Amino acid sequence: MTPLLREIRHNPLLWLLVFVPAMFAAHKLKAEAHTLLFTLSVLAIVPLAALLSHATESVAAETGDAVGGLLNATLGNLTELVIALAALRAGQYTLVKSSIAGAIVTNTLFMLGASFLLGGLKHHTQEYNRVSARLQAGLLFLATVALLVPSAVSHADSTDTTAFLQKLSVGLSVLLIIAYGLGLVFSLKTHREIFGSTAHEEGEEAPWPMGLALATLAGVTVLVALVSEVFVESVQGAALQLGMTQAFVGFIVVALVGGAAEMASAFSGARKNRLDLSVGIALGSAAQIALFVAPVLVLLSYVMGPTPMSLQFWPGAVVMMLIATMTASLVTNSGRSAWFVGVLVLMVYLIFAMTLYLLPPRVQ
Amino acid sequence: MTPLLREIRHNPLLWLLVFVPAMFAAHKLKAEAHTLLFTLSVLAIVPLAALLSHATESVAAETGDAVGGLLNATLGNLTELVIALAALRAGQYTLVKSSIAGAIVTNTLFMLGASFLLGGLKHHTQEYNRVSARLQAGLLFLATVALLVPSAVSHADSTDTTAFLQKLSVGLSVLLIIAYGLGLVFSLKTHREIFGSTAHEEGEEAPWPMGLALATLAGVTVLVALVSEVFVESVQGAALQLGMTQAFVGFIVVALVGGAAEMASAFSGARKNRLDLSVGIALGSAAQIALFVAPVLVLLSYVMGPTPMSLQFWPGAVVMMLIATMTASLVTNSGRSAWFVGVLVLMVYLIFAMTLYLLPPRVQ
Amino acid sequence: MTPLLREIRHNPLLWLLVFVPAMFAAHKLKAEAHTLLFTLSVLAIVPLAALLSHATESVAAETGDAVGGLLNATLGNLTELVIALAALRAGQYTLVKSSIAGAIVTNTLFMLGASFLLGGLKHHTQEYNRVSARLQAGLLFLATVALLVPSAVSHADSTDTTAFLQKLSVGLSVLLIIAYGLGLVFSLKTHREIFGSTAHEEGEEAPWPMGLALATLAGVTVLVALVSEVFVESVQGAALQLGMTQAFVGFIVVALVGGAAEMASAFSGARKNRLDLSVGIALGSAAQIALFVAPVLVLLSYVMGPTPMSLQFWPGAVVMMLIATMTASLVTNSGRSAWFVGVLVLMVYLIFAMTLYLLPPRVQ
């Protein structure tokens, strides 16, 4: 247990763990205080996500390249998956979808842009391996196409459309998971030499012993699940009380909360002039959500949700994902960066955030 | 006549020629057996397309660089043109347009993607001349813009729109043909040195003597025209009986049939590590259909069709062509390829094929 | 005063100055002759724009790098700003917007394409600094995203939408101006070494003395303002009489007139194999209009216009700006050019011009 305690002592982010019991206490006492519960659950998820991320990396480090890469690639966004599952079980498909779309856009734009900016403020120009960035951008492009097609077709309102969208969503989900799997084979196995040693550098802190890592993984996942349930319960009421649109909460707030731990790693990598690491986390995480988390949720909705969930997104969300993918493609094309590149990418994110914040409720 | 017979003996594809008389016999006996006639006509067109393609190359090889390039560039998609003309004369504009759009998308995604995949399964990484790929992608981009603009404007339904679209279609068709012609001047004349010797390598097999080539060209064109007529007649009934949407048949089946001969060449080039050849055939063929075949059909509809045909496509088709062009641009940007690049491109094609296959009839 | 007279004697463009008094005289005598006044005001604006441009450069040359760059970057499109202000004060927001969108599209496609073509007809291939082109393309992309988002959202017609669009427009305008300012800091200050000496080369002719330059700047701005008022007054009537749609006049005619002076510089640079200069003027000017002139007009509409103006554009205009930005990105990606690249870019422009010319009035 010592490494866990040492970790907590050295990592100020983990001091937020105090909000986990605080939230459960508050939920017992005042179940209808939406804004309080929303704030506490947000504060509680951040350190849990950090623990989950560290435990996953520790297990991955112990199990060797192939299995480790696979673990990182499937459990890397466990927090997002667990939050989305809580919303799925509650039948809140709008929240599920906006948090998926928001995580893709936030990772692609905010995490990448802020990494470029923070790195660029310290280093005049920075270089990184663009082969890896291109693979992730290619996967993201594929996912965007898969999300665009059902939305592009579905405006023709007929009774057939629902059944069509449902069948298509299942088919597309399977395709995306296969593409993601083949991408792992490509980058971890057949062509791993061109992707550099990025994966290894990630585990900067000393890895935990296997037993502790597995126990943490299991225990914290349960905690995240419990906290997420309160979060999903309170989010709508809180949004109303705080005067924020639900689109803004799902897209921006949930995405920033769920990705907080990864952002800390990405930003620290950028400051240390290891932009390979930052770009890999940002785009890799976005690709994972788009090609693994989202399709898995669609398939799981058949067993866990009240009704099947489709892959059809609100057109505005599709446009934002499309623009985010294009931005990532354009920006990572040269393999070089300076502070202004970060500004450009962040500005695109700010445009989205501002639009969602001001959006009148009915338009969503 | 010997080279023709030798060709037939050595090329198993040509054994399908037996389906040509079979189809005519079937048409005489059971004119209403749509599915049978559809299948037989598909099987008959494939070897005829291969013969047509070989004859065109033989004539081109004999007539020297400039004229030969021009011939290849105008007659290279003679099969597609003849099929489309049969549909045009029958006034089946939906079929004409979906077969044009399908040929562009299938060549850009399926032919290119499968070449990358087949080549990549044999060779670790492959390189090709990206200057040529860029020219073709640029031409495709121009064509996509030309097809996007009338569709983007026409949703405003007013009586003026039809006349406007008709005038605009003629103007855009002339523009596209001029752009295609100038592209030929650029790549065959003023800047041919940067395009490498790709054009020469194409004629792998020994060319036929001029007389035989010309006779084959004439004779087979007539046969394709006759077979196409039965094909166009039977396609709608067959689609209904086979449970396939008309969009799927036009987009996918017709395009795969019309391009079978070129695909054989492109795939064989990729296996032999001559990816220049494969990329040239795939994108060159797509550009030719978009900037030459499609505009020629619009202009011919004034003399041959029951009413003038516009360049306005079903919005879904425009989106697919746009995505196909973007995919080609992104993918050929680096001039290098590995098997997973092929997977990505094929996945985009599969998304389209799946969507079209599941599409409820009314939505089209 | 001698340098001004010498300039006029040597620059045939400036002989058009005779149309300035001619127009004022005509306006006094026949205020309702719309087509005449429109033609005269167009002819009068061209030489005034050239004078304005030379005066700005002279002031910039005298004031050193940072201030000079800033001046060029803010006053470089003074003509467009003054014309748009005249339309703004008259409450003709459709004209304001179509002239903004038209200036962006015309600079990006016509000025860039014609530079490539004219340069390519003289030189086999040309190279230029693509870092600078990429920065401008990035800024244009950001502006396009800012214009796309309100239009993408606003089709949901509710009473809330107007207020939402108004607030969003102000916010986006401020964001764009900040991005433009940071872009100047980046290219003129922190990273100016990678942008080469393009800025210095621009002032080819001997600069005027400070006093004369400032006096010209002030005097000619007033003249442009006066001429613009007649222009704005007459443009609608003239369009009607000439059988041109208002969209065509705003998009194409006003944009070509306002940019005539810059086009002369860009084309002359391309002929002299200084494509850096041409690309810099074309894309730099487009970026300036998109990120500085347009947002300033939105903010000024609160003090000068009859009602606030939003950043929401006609969807067709957004599509055209998006395509123009994509074209510029694709084309400047390689840093090399030949004549056919110019043809491709001009063809995209011709497609737009043809569509706008044929557009039935109601569809706009």
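We call the chains A, B and C, going by the order they appear; numbering starts again at 1 in every chain.
The rule we apply is simple: contacts are C-beta pairs under 8 Å (C-beta built on N, C-alpha and C of every residue); 3 or more make two chains touch, one makes a residue touch a chain.
Source: prediction; values computed, not measured.
S.K.: Between copies chain A and chain B, what's the superposition rotation on C-alpha atoms, in steps of 5 degrees?
M.R.: Superposing the C-alpha atoms of chain A on chain B needs a rotation of 120 degrees.
S.K.: Given that chain B and chain C are copies and touch, would you call their interface same or different according to whether over half of its residue numbers are shared?
M.R.: different
S.K.: For chain B and chain C, let me know how many angstrom lie between their CA-based centres, rounded off.
M.R.: 41
S.K.: Do you know which chain A residues sit against two or more other chains?
M.R.: Correct list: 333.
S.K.: Looking at the complex, which residues from chain C come into contact with chain A?
M.R.: 134-135, 138-139, 141-142, 145-146, 148-150, 152-153, 156, 158, 160-161, 163-164, 167-168, 171-172, 175, 178-179, 182-183, 186, 190-191, 329, 333
S.K.: Could you please specify the touching residues of chain C with respect to chain B in the complex?
M.R.: Interface residues on chain C, with respect to chain B: 124-125, 315-316, 319, 323, 326-327, 330-331, 333-334, 338-341, 343-344, 347-348, 350-352, 354-355, 358-363.
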